[in-house]
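In the two complexes that follow, chain A is the common piece, with chain B as its partner first and chain C second.
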Partner chain A sequence: MDISKTKAVIGEGAHFSGTISNARSIEINGTVEADLEAEKVSIGPEGEFHGAIKSDLVVISGHYNGEMHAHSVWATETAQIAGEVHYQSLQMDRGAALNCRVVHNWTEDTGSSLPHAESEDEVTESADAETDEDAK
Partner chain B sequence: MFKNTESNDADTQKVSVIDDQMRITGTVISDGDVILAGQLEGQIICNKLTVEDGAILNGSIETGEVVISGTVTGDVASINAHIEASGHFEGDLKCIGIEVEAGAHVVAKFKKAPAKIVKAAAKLENETAE
Partner chain C sequence: MDGSTNIIQGMVVEGKLDGGEAPVVISGNFSGELNAVEVFLEEMGVFKGTLNADRVELAGDFNGTLTTEELSVGSTAKVDGELRANSLAIELGAEVIGSVGRKS
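Moving on, here comes the complex of A and B:
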């Protein structure tokens, strides 16, 4: 029962909708529609997440759709990502599918002295025209 | 949805855990088990629910089995409900089997279990008889 003190898990077959706050480490193997703030988020191969994430570390092996602000993002080979990813370090395994706006954020958290660097470092890997709408 | 809990023990993949720091508002629907150690406001529908000591739940519960060691305010519809000594419960209990340990704080209305629960209990009984 010690597991409950350290790690939150949304199990396979579980469906959650709403808001999640104050989470430390959360593992998602089910379906979640929520806005989430956590230290570490892990979306398993069977996991599905719709909504915003603010986190230090996000590991994605499943489906993600939404706006993500994360310090480190790791997309494994089974990852499928749509929406928007704001990151400071990004790792992408061979096979990972990114169909989204990918933004490197100098300004967020790092205290960097480059206030307008965001637009210059933007990489758009998507073929979708809609992902360009926010480009400055 | 409500299965025999013993057959489900090995199926750790289907267990959802809400840790003691976490706060959730919304709905959790699972065909597995849920362990709540944090705070939840909303609805839980699952196979077996464990509300741990220190956990707070405001809302409605629909389960096959519920074990309450924390604080629960709201409606419970379940085949079996077990309120432990450390448990606080306020609300409506619509259960077939109810067990309350000495020392538990219970302010409740006992009501007839809804048809859905009765049906699930009958189905479960048939399964175990076979």
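Moving on, here comes the complex of A and C:
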């Protein structure tokens, strides 16, 4: 069989429970109980996802129940979302049903860059202090 | 989309998968239990665990127990385990270690 498909898909009639890793872009059209970390997740109209999703982009056209942390979330008109959605950018089409807690500013990204910036400031300050003393 | 489940190269999937009516294509890493109608384990695919299906084509690494009606083991396949099939074909080049028997 010639398989030229390069997209990860959980097909419509499929049921999966377990863990999925290293899936950059994945399409869920079946029923999945898992925790998922990816770059792009698409839950199709017949798709059902129960579990945690951590992704850059999530497009929801089916059912989602769990805790989601994403940069961009797009709930289309057939989306049904329960649980918790942490987002930076959210689009909700008319018809989308949200029965969840929606939290803006997924801080994990800013959280990891802040300590790094602080340490850079410390290094610069101590270097400045040394040159000031040398000048005196 | 024809409804098939496609586990692409690089993906690591662990758990229990029921493929439904559509084919399951594995080019990545699957460990656990798989029940499906038709399964294609591609050349880069690695399967570890239990597989129950009606039709199976192996071209990758299989380690575990396989029960199926029709089984075709391709020349690039490496099999270590128990194969139970009613209709079996093994191509020249395939590496098969284990036991081979009938499903029913």
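Note that the second predicted complex is superposed on the first by the 102 of 136 C-alpha atoms of A that agree within 3 Å, B and C clash if a C-alpha of one lies under 4 Å from a C-alpha of the other, contacts with A are read in each partner's own complex, and residues count from 1 in each chain.
By our rule, a contact is a pair of C-beta atoms (placed from the backbone, for glycine too) under 8 Å apart; a residue touches a chain by one contact, two chains touch by 3 or more.
Bear in mind that the values here come from a model prediction, so they are computed numbers and not experimental data.
**Student:** Chain A superposed: clash or fit between chain B and chain C?
**Tutor:** clash
**Student:** Looking at the overlay, does A:S17 come into contact with chain B only (first), chain C only (second), both, or neither?
**Tutor:** both
**Student:** Once the two structures are fitted together, what part of chain A is touched by chain B and by chain C alike?
**Tutor:** Common to the two interfaces on chain A: residues 1, 3, 5-24, 26, 29-30, 34.
**Student:** Can you list the residues on chain A that touch chain B in the complex?
**Tutor:** Chain A residues touching chain B: 1, 3-26, 29-30, 34.
**Student:** Across the complex, what residues on chain A touch chain C?
**Tutor:** It is residues 1, 3, 5-24, 26-27, 29-30, 34 of chain A that touch chain C.
**Student:** Would you mind writing out the residues of chain B in touch with chain A in their complex?
**Tutor:** 13-35, 37-38, 42, 46, 52
**Student:** Any idea which chain C residues touch chain A in the complex?
**Tutor:** Of all residues in chain C, those touching chain A are 1, 3-8, 10-25, 27-28, 32, 40, 42, 57.
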